[in-house]
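There are structures below to look over.
What follows is a pair of complexes built around chain A, which joins chain B in one and chain C in the other.
Our next item is the complex of A and B:
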């Protein structure tokens, strides 16, 4: 597969290490989180494989284009609009979580609206970029931030303060009934592949997706989930882990780098993670934007021959984000994101049915001109 | 500029205008904030305001050349709660109190013995600006005196006390280094107990003495570890690299200078009710001092003596801990890490089993040399 494909998968996984996923997981630390993680790996990898194989059949085609060809208007218009909402909310969750983090840890005196606005301003122009430009941005920021983030993970794993006994203790909670919320939170990590709905436009070449590529994804996901769940436990203990609102932030604050520029890893981690979060929001909102463009044919809205249509959703995005960032509390954010993840577990596997339908129609379409 | 297309000009203008908006700095200017070096928490005499908080603040100076001596100022206040005291103190200072750079938190001995750990931890952890990697220690007789003392020869801007816990300065086996997050973790967890270093002041010479420690367990009286026990704890918990051991056996009297300590400890479960504590320690080093000539050929014999003596000391320590039901090394956690959660004994059952457990302790001695002389 092209390396850009892995960026899509990876960013969705890695960005959520810091967001609400670990908080949801660790909340159920003695209530079936471990087994849910294992199940979600199996389910998630299956989903990624099916999604990828489907889109490989139609190189360069986005899902809305395929829908337009195969289904009728009454179906695909509301459906694509629904997708836009889902993608927008996914980006919104990351945005709000990060705004909360920044105000809590980095600049407590700054008004929350201003923090949120700064983040949005950075992202919003990315939304109207062309898809390939978005991909190049993603690669650039990944190259800048990933070595340092990997280094912090390395420091965490090699730290003397990481007590592996706690990790083993937590792992021994494996023989429990899986927990629904933790399953859905983990499952969300795998939905990066769903970004292919739009980003498949970028993959115009024929690609190979076989056993080796699947194994690679399995390895990445095991690594990410293990790090997300067990490292905070190793640092902060098993019994009190539930008290931490942002387990990963507290964990990075427990790592000390004596000979580095900044001793307190927390700030570095926050800043570099800001990059990853930015990418995550960018990808989600770009896709949301494309879905909206498709449903409302925004490109056709013109004023004095200038194309203003694509700018219409931007103020709406900003307004909704600002509204929620001021209204929500941390608790509500976690609860609602948990519900959101729960809903996704039904929607995304359900789309496989749609894929089979599209496949059948497309076959007819291809064979019909010959007849 | 004429050659530039209009679009680019527009973009440049946008950037310039944008930068005007960005110039407003949300952080307070550095000369408007004062940095807290240490936090001391004590019990006050006031009944209604039981907490006493003292802060050591870095006094800003123009340059290091001006400041020949370290300069600090202090703020102190009683409060009904810790944050109330801090809130009052904020009104004493013309600048913003910045806690993010505080590296050491000292708890007064009395406060620790009053079992106020829960309140203290809650306050320290809830504030996002207090580092979880700051060191935590017990001050004797109280925390305020400790932070107010400036030992001779202290350099400006870096309190000497930090060097004790930073592994860059002294590395004696008598100093326990505990970070705030470790303290929290071990206080929350059943199955591992927390050890905090005790800082004392030597009044004649005006310097610090950090060689004892305090063992804190949930629902138990704190237990003081003397210097020897502290160093043994440090060796067993793998947090020191070298140590000295005095050996008095069979008429020999020498000091082994240990430069490498390797220790492994775990719980062996023979059957559900019977457990064994297995501890393996390797000590490598040379002889530092002796009362009579040491013969290189006799090194095996000296090793034998080291083994005997140190096994006795280590075993004594473990037995003492076991007897009183303290678990500084975390055998309880190790037990939990080996048994499925639904087959574990309850905490009380575990404590019983732990108290009855057999200790299998072996020391692998490795004296390699008698030093430069025989």
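Our next item is the complex of A and C:
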């Protein structure tokens, strides 16, 4: 597979380490979180494989394009709009989580609206970029930020404060009945592959997706989930871990770099993770924008020969985000995002049915091209 | 037309100049009329290959045959062409009511310069000359490929400058070439005297922060880019060539990178990119850390910085702007001043001002270090135009850090990267990694 494909999968996984996923997981730490993680890896990889194989069949085609060909309009338009909403909300969750993080740890005296607005302003014009440009941005920022993030993970694993006994204790809770919320939160990590709905436009070449690629994804996901769940436990202990609001932030704040000019790893982690969050929001909102373009045919709205249609959703995005960032509390954010993940567990496997339908219709179309 | 009419016509064309020389050669039954502009032509050559043979030849027909065999002989299609060719340093000969053109141009601007803007330690020290023919000669003698293609054109409606578009017909990025020629045709400025000026007119956007063409004086860079499928634009009378399309990374490569062994050029590249980030981010970081989040640094360092800022009456933002502003002034002054005075300016500005500012506690010692570090790292960027852009963008970063702290600075960096990725240079994405693969596929496509 092209390296850009892995960026899509990886960013969705890594971005959520810092967001609400670990909080949800750790909330159920003695209530079946471990087994849910294992189950979600199996289910998630299966989903990624099916999704990828499906889109490999139609190189360069986006899902709305395929739907437009095969389904009728009453289904196509509301459905694509629903997808736009889902993707927007996914980006919104990352945005709000990061705004809360920044105000809590980096600049507590700044108004929350201003912080949120900074994040939005940095991202928003990326939403109307071309898809290939979004991919290049992703690559550039990944290359700048990932070495430091990997270094911080290395510091975390090699730190003396990491107590492996806690990790072993947590792993012992494997024999419980899996928990629905933790399963859906983990499952969300795998939905990066769903970005192919739009980003498949970029993958025009014939790609190979076999056993090796699948194993690679399995390894990445095990690594991410293990780090997400067990490292905070190793640092903070097994008891009372569910009281931490941001387990990963507390964890990175326990790491020190003794000989460097920046002693507390937390700040580096925050600023570089901001890059990952930036990309995550960018990818989600770009996809949301594209879905909206397909639903409302935004390119056709013109004023004095200038294409203003694509700018219409941007103020709406900003307004909704600003509204929610002022209204929500951290507790509500976690609860609602947990519900959102629960809903996704039903929607995304359900899409597979749609894929089989599209496959059948496309076959018919190929055999009788005049229709 | 009889010869009298011809003479009348040509005199009519040049009635507003007093420099046209007319000479009549007469010998027995041979007669020829010569017209030329004296300062433009090589008088010795004229004497040797035209006047002397004229008197030695037996007949006019033989002399005409001899003229046609000369390498300086130019085919002329119309009378209209005469005028421009005479202005280009041609001699017109009228024999038996027909005219013949001979290129005897004599120019003093064909000496090559030594590289002065993009200097290297290793490699050729040769730069381009002012003369377009000499420049093409230099390029051709460095790039031996039959596919090298040179298109001539004139630009500037008043001064009618000669211009050449050079590319390797096999390797060139056809899409970009098409865009460039289209842009060149749209340029309708009256006077164009330099490539740099031209580059502003064929730029994709009027308001672009980043240069979208590279200006270079080094033939080796030109050859290197020709082989990479790029288009070179030369303007007569200019020792600089334009290269398009460009990628951001092109601005960060010095030709010397190719002349060193791997580890050394890797080290140099590392220095250069570190310099880029320092010159962009350091002032912003200083503001963000001192004013917003002093706990980021380890305690000792935070205390040192705070200690050095004791007595400074401004917030860090004013301090940074104040010092950077004087640094920019100093830079401008030292570029514009004559060489003999510029050394004084830097001494007064750099040494005396720097010391005095800290002693008067208008800026902290650390600030002086930061400003010098920023100034030095800006010079590490090998292509000047990019260094200028970076100097401007630095102020945007300072603004972001002032308003929004460290998070603002970081986000500004990410947004800048996104902006860089989003712009193109003649149809090619400005910032991306796999440039070779795509340009190859693009070059193979049919337009």
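Everything below uses one rule, namely that the second predicted complex is superposed on the first by the 369 of 371 C-alpha atoms of A that agree within 3 Å, B and C clash if a C-alpha of one lies under 4 Å from a C-alpha of the other, contacts with A are read in each partner's own complex, and residues count from 1 in each chain.
One rule holds for everything that comes next: a residue touches a chain if its C-beta (ideal position, glycine included) is under 8 Å from a C-beta of that chain, and two chains touch if they have at least 3 such contacts.
Predicted model only: the values in this text are computed from it and were never measured.
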Which of chain B and chain C A:236 touches, first, second, both or neither: first
Contacts of A:253 with chain B and chain C, given as first, second, both or neither: first
First, second, both or neither for A:71, with chain B first and chain C second: neither
Chain B versus chain C as contact partner of A:263, first or second or both or neither: both
First, second, both or neither for A:159, with chain B first and chain C second: neither
Contacts of A:213 with chain B and chain C, given as first, second, both or neither: neither
Touching partner for A:173 - first (chain B), second (chain C), both, neither: first
First (chain B), second (chain C), both or neither touched by A:107: both
Shared chain A surface residues [contacts with chain B and with chain C]: 107, 110, 114, 263-264
Residues of chain A that touch chain B when the two form their complex: 30, 104-105, 107-110, 114, 160-161, 163-169, 172-175, 235-240, 243, 250, 253-256, 258, 263-264, 266
Chain C-touching residues of chain A, taken from the complex the two chains share: 102, 106-107, 110, 114-115, 118-119, 121-122, 125-126, 129, 132-133, 136-137, 139-141, 143-144, 260-264, 267, 271, 274-275, 278, 282
Chain C residues within the chain A interface of the complex: 292-293, 295-299, 301, 404-408, 410-412, 414-415, 417-418, 421-422, 429, 431-433
Footprint of chain A on chain B - complex, ascending: 26-28, 100, 128-129, 131-133, 166-168, 179, 181-182, 184-186, 188-190, 238-239, 330, 333-334, 336-342
